[in-house]
Amino acid sequence: MGSDPFVPGTPPVLEVSGLDKSFAGVHALRGVDFSVLPGEVHALIGENGAGKSTLIKVMTGVYEPDAGEVRFRGEPVAFATPLAAQEAGISTIYQEINLVPMMSVARNLFLGREPQRFGLIDSARMKREAREVLAEYGVHVNPSRPLRSLGLGAQQMVAIARAVQLDARVVIMDEPTSSLEQREVETLFEVISRLKARGIAIVYVSHRLDELYRICDRVTVMRDGEVVRVDSMAAVERLTLISLMLGREIGDIKAHGTTELEPHDVDESAAPVISARDLQRRHQLDGVSVDVRPGEVVGLGGLLGAGRSETAKAIMGALTLDGGEVEIAGKATRRTVASSIRAGVVMLPEDRKAEGIAPGLSVRENIVLAALPRITRAGLVDRRKQDEIVDYFMKRLRIKASSPDQKVSELSGGNQQKVLLARCLCLDPKALLLDEPTRGIDVGAKAEVQGVIDELAQQGLGVLLISSELDELIEGSDRVVVLKDGRVVGELTGDQVTQDALMTTLAEAPTAPELEPQAQEENDD
Amino acid sequence: GCSKSADDSSGTPKADSSGAAQQVQSTGGTGDMCDFTAYGADKLDLTGVTVGFSQSESTSNPFRATETQSITDEAKKLGIKLIQRNANANVSQQNTDIQDMIAQGAKVLIVAPENSDGLAPAFAAAKAKKIPILTIDRTVTGTACSDFIGFIGSDFEGQAKIAAQDMAQALPDGGNIAVLQGTSGNNVAQARTDGFVNEVKASSPNLKIVASQTANFDQATGQKVTEQILQSNPDIKGIYAENDTMALGAIQAIKAAGKTPGKDIMVIGIDGTEDAVKDVASGVMFSDVETNPRFGPLAFKALQDFYGSGTSTNVIIADNHFTKDNAQQALDNGDVY
Amino acid sequence: MTTTTLPTPDAAVDADGTRETRVERITALAQQQGGLAALVVVVVLSCIFSDGFATTGNFQSILVGNSYTALLALGMTFVIITGGIDLSVGSVFALGGVLAAWGANHGGIVVAMALPVAVALVLGWVHGMLVAKARLAPFIVTLAGMLFARGLLQAITNEGSTTFLVPQGSPFLWLGDGVWRPILTAVILFVLGGLLLVRTRFGQSLFALGGSENAALLMGLPVRRTKVQVYMLSAGIAGVAGMLNASRLQSGVTNIGVGYELTAIAAVIIGGTLLTGGAGSVLGTAAGVLLLAVIQNLIGVHLSQYGSSASDLANGLFLAVVVLIQTTLQRVRRLP
Amino acid sequence: MTDVAVGRARPGLDRAGRDRTVAWLQEYGVYVAIVALLVVNAIITPSFLTAANFRVQAFQVVPTLIIALGMALVITTEGIDLSVGAVVALSSAMIPLYLGYGAWTAVLMALVAGCLSGLLAGLMVAVANVQPIIATLALMIGLRGLAVIMNGATAKSVDDSTIAGLGLDNLFGVPEMVWIAVVIVVILAFVVRRTAFGRRLTAIGDNRAASTLAGLPVKRVLVTVYIVSGLLAALAGVLFVGHGGYADPSNYGLNYELYAITAVVVGGTPLTGGRIKVLGTVAGAVFMQLVTATLVQHDIKNSWSQMIEAVIIIVAVYAARGRSGR
């Protein structure tokens, strides 16, 4: 798609100059100039906390700039609310999914512009149209279902569908693919090419560099709130890009490298740290069994909605089960999160916002949240120990925060993810359940996280890895258990762990008929 | 937000209906009489029908408890079937209560109204079914012997007038006084304020009302408010409380402020509850005006007369007046509740 | 997400929308309308076991006695769905009644009808602005509003001592006269309210606001305007209810409405509306109002003779049992 | 859900300085308001700055304050406890009932009653998942009925020097109940700042789902919080009996849930949970007490006091509102 270039020389549709934005203690944007042309896909990249999301929010009326100017179609504008930006023709998919979880899929999709008849919402038509629209995005669900019953990936697709449905001149996408799996990503790219063909400008933020090279025409690289380079995408080499983002020499990066992960020495005879048997949960899990041995990274493969997150939660004791058993280090668990943690398993949840961070608490408090029992004596928090832990992990994971006292909600998405990882690691676990551990984190940090996982596995930790990024899954895992529709449909070991093998396994597995879109029409009022 | 019962009288009574029965003081200014023919009701034999009693406020208020008990006891004594409801200080609820009892088969009603106004729908429903209503202890706006049979109860302004005269007597040299008012919007509280203020104005120019605050007919609030008033008006000589419980609270506050009630500050209350009358006897309180809650005998007598020779439409009961001279005797006789 | 417990708002479809049997569907309906289910159970039991319950007179009395206070719960439903709360409705109800009665005396039916609504809307607007623009907590804003409206009422009525009577023969009395007029008025307003909630964009934005305010904002909904409107709606309905009630009582009773906000909230919650916002229904609220009314009726019939404290205890127990049943029915799900 | 704090600071040169002033006011506004009220009263109210007056204000504020502290804990977990007023009544009913076994036994039983009702509320909220406002509303109605049944309809006078001492006497020149309040405040401030329990409290209020997944004992913390709230309300009930010299379950504690909530919110603890200000709650209660004192001592009519109080509450909360807005 990158081969079908925008028309150079046309005036930019959206343009900002000299943009400045500070939050208490953080200078998030410093004199940023940025512009997108009609019909171009413009990559906006930078490491976690570089200011990408802030730039987007300033452009779309969420934040007011401290200084600088936003021009839309040549006119200076100051959007007072996201609504104003939307009405002017800028449609945005913000970084975290911003839909209403409790409302139905159809109502989310059409919220604010529902089809009406005689002044009343025409629900039947709305549902019908929702079904059609979503089908185009590969999401086959009953539109009456509450949004939150969908997996994150499907929710993301709904958000994308919603944004694209709006008749916009600029579509801004802040990490749209972070919770999508390959198939959905392809769908998204098709959508993007269609938009592009219609002369719509697209701002695209992602930490997945491959994607950028595939679809983007130009790139703006940000670092520490400043724009460090604007160029045609093809003109910037991958390594250059990374070095620009991270502000390090190319040589450094080569040496540090994207970690080449070696398979770990797994003692096949060792007793598994995690042993899940025949997990059953109505409509979600249908007899899933997984073993994880010390030092082994077991990947869970499958498409969105295959039940990977559910498996992890079930093991953690965070999900009530209809049947099945979980043993941790040979002992049956009491099936509560607290007891699982005591037994030595921890989980990094998939939905950072809903289930991960405590937004109002500080970075420090978030990191040690689960570790409280270990750092308290007689109910009192041992502050020295706490600070040691926090200090260590903030350094080791390079968490970018003004201080440990900063509220977590003020961190960039990627840094929030690192805080959660720190929360898991400071528990000193025997086994880790990682649900999308690198979701939304930048290349540098991603390599670091993968390095950490690898290192931990070397030290004998058992890891269950869920990732929608096939590369990550294939590269990182010693063994991949493939799930489909809540059932184990295959297992790849040793040399079999390849993308092709995974795809074949998935393709050959039979589909559970009941999980296909529902035939009957439901009433959602 | 929670409902506060607007007790116009409370204290520490024995919740029985013995004690001094109500005595009639006067039977209405006009002296109008009413019987079932004049009212347009059918003749009934009370012993054969169901009588409904609608109580306005929570029986956790002793006045209300005694009143309810008195009516229940008298009905039992006369062999009359009684059903009852309690509106818990809620006018809308009382409307519903009355209509409920009509639906349940009550043929005659005794109503202790929560409010003088606002019972129109219930009274209209009763009238439509020719069910006579006797109102007790608070008046209702409307026409006697048409909207309702008549009224039995105390003269609240009269009570307050007596209290004002007592205050003048207690403070012959005059001085600053404070008024603890009942719940805002309560008819009884209003009458007891008006009666007192007017009488003071009319006959005791040397008494000066310097503070007038509501204490919701409640002892704890009475205490709190008095504590504050005593701070801003250290020269207060007398306190008039519109019911006994507020008076008791005031006494507690006066003591806590290091003054002597009955000597430094004169306290006068209304209701004639046991604790207050005891305080009158011991000189802690200057005087107390009674409000007699034992409506049973008079009410049923009125109903019987209604179906016979006729009853007065406005019966004012003679309330006792307790002073140091008669308080001990009243206590010994068990005339207090 | 700050909430953990979320019932399935669209319970006709299971969390996975699949493999639904008929039994599942019926239980799903009971779960969605726990209040309604409880109402049916209680009414059926009372008809069987409580003498004189199943009479036209009794039903009429229950319905007519609660038709105007039910409106407070209707307004409250909208506010609670946005994740807010309105504690001022009881006071505004009383104020509306007083203003209507005053208006009937001083200007006739038009003033009697318009004045209370206008004043209520102004109060609601102030609530809304404080909540939406100043970003104060609805609880505290409307708590202050409750005090303010009550104070205003007392200031107008000479500390509550003046009760304005609607003149006999005033056409204003027609509004709340009789048995069926109040009931019908309430039914019509509930139906309109239901339509407003599920079939209009305004209604949808209420759900969105309560479900996730941030998302609603970023999806381009007029968040602040909607908030202001919903508080105006609630206060306006309370004003209307007070006005109608004044017509029925033929006077502006000054000490009415105390504690009504709690009854309204209880009815709304029993009806299945989530206090945290984002889910709820007008039908549920109607069921909640009726359930409380029926319980009140039963307590009145069977427990009055044992004194108020026994009634209170029974009332509390009943409420606890009802919400426990309703919560269990609704199978409030912990987010996994 | 505060990932998008829609804050818009106006551009301007002295922005940083103004931000700091605003933040400072938000943090310490209540204290400033208290000082302002004291100054105003010193000028306009005769004999306001006297020991006797402070004693009276202390007597009146301590019960509210103690209840408010428990309420603050509950509110931190995103809950609310409407039952506190009824618990005051219940606890007061226990005193005459058990006074025969000695004053301290009676006090103990009163406190036990408070703990039990708190336990009930906690179980309903944490285990049965009933929404806090409705669970405690049921208790608010039911417990008062129970209290009146246990005590009888009559207010019972309590003549006991120990209990009266709690309500009236001084220790080192300061009312005993003030000392009690000080001890509770110190303990709570310590618990909130230094203990694991305090951390869990805020985390649960901030994001309950995340706390559950992080393995925090969510139910235990919730139940504890409601028990503490019940306990403190019961303690306030004992002080009521001591100060008034009688037990009156039908009237004690009426509306105190609202006073307590107001104190908590005016003190800067948001109703949305996740944050708690112990000292702020003290300040909130003291501030509201001073407002009431000013109004009553100047004999302002009830109608006007209510309206003025309403406005003052709004202004105070507006000044104290946190950065998160609500």
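The letters A, B, C and D name the chains in turn, as written, and every chain counts its residues from 1.
Here, contacts are C-beta pairs under 8 Å (C-beta built on N, C-alpha and C of every residue); 3 or more make two chains touch, one makes a residue touch a chain.
Everything numeric in this text was worked out from a predicted model, so none of it was measured.
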Minimum number of chain-to-chain contact steps, subunit B to subunit C: 1
Contact pairs, highest-scoring chain pair: C-D
Centroid spacing, where centroids are CA-atom means, of subunit A and subunit B in whole angstrom: 71
Geometric centre distance via CA averages, subunit D-subunit B, whole Å: 35
Centroid spacing, where centroids are CA-atom means, of subunit A and subunit C in whole angstrom: 42
Centroid spacing, where centroids are CA-atom means, of subunit C and subunit D in whole angstrom: 28
Residue numbers of subunit D (touch at least two other chains): 1-4, 6, 140, 148, 153, 206-207, 209, 212, 250, 258, 274, 302-303
Residues of subunit C touching at least two other chains: 1, 143, 154, 159-160, 212, 214, 217-218, 262, 307-309, 311, 335
For subunit B, residues that touch 2 or more chains besides their own: 1-2, 4, 58-60, 65, 184, 214
Pairs of chains found to touch, sorted by chain label: A-C, A-D, B-C, B-D, C-D
Interfacial residue positions of subunit A with respect to subunit D in the complex: 24, 57, 62-67, 94, 96, 316, 318, 336-338, 340-342, 347, 349, 353-361, 365, 368-370, 372-373, 376, 379-381, 409-410, 423
Subunit D-facing residues of subunit B, complex: 1-2, 4-5, 10-13, 15, 58-62, 65, 184, 210-214, 218-221, 223-225, 227-232, 234, 245, 248-249, 252, 256-258, 275
Subunit D residues within the subunit A interface of the complex: 1-11, 15, 19, 23, 194-197, 199-200, 202-203, 206-207, 209-217, 274-275, 324
Residues of subunit A defined as touching subunit C within the complex: 62, 81-83, 85-87, 92, 94, 98-104, 107, 111-112, 114, 116, 119-121, 123, 141-142, 144-146, 148-149, 162, 282-284, 310, 313, 318-320, 353-355, 514-515, 518, 522-525
Subunit C-facing residues of subunit B, complex: 1-4, 6, 58-60, 65, 68, 72, 83-86, 88-93, 95-97, 99-100, 102-105, 115-121, 141, 183-187, 190, 193, 214
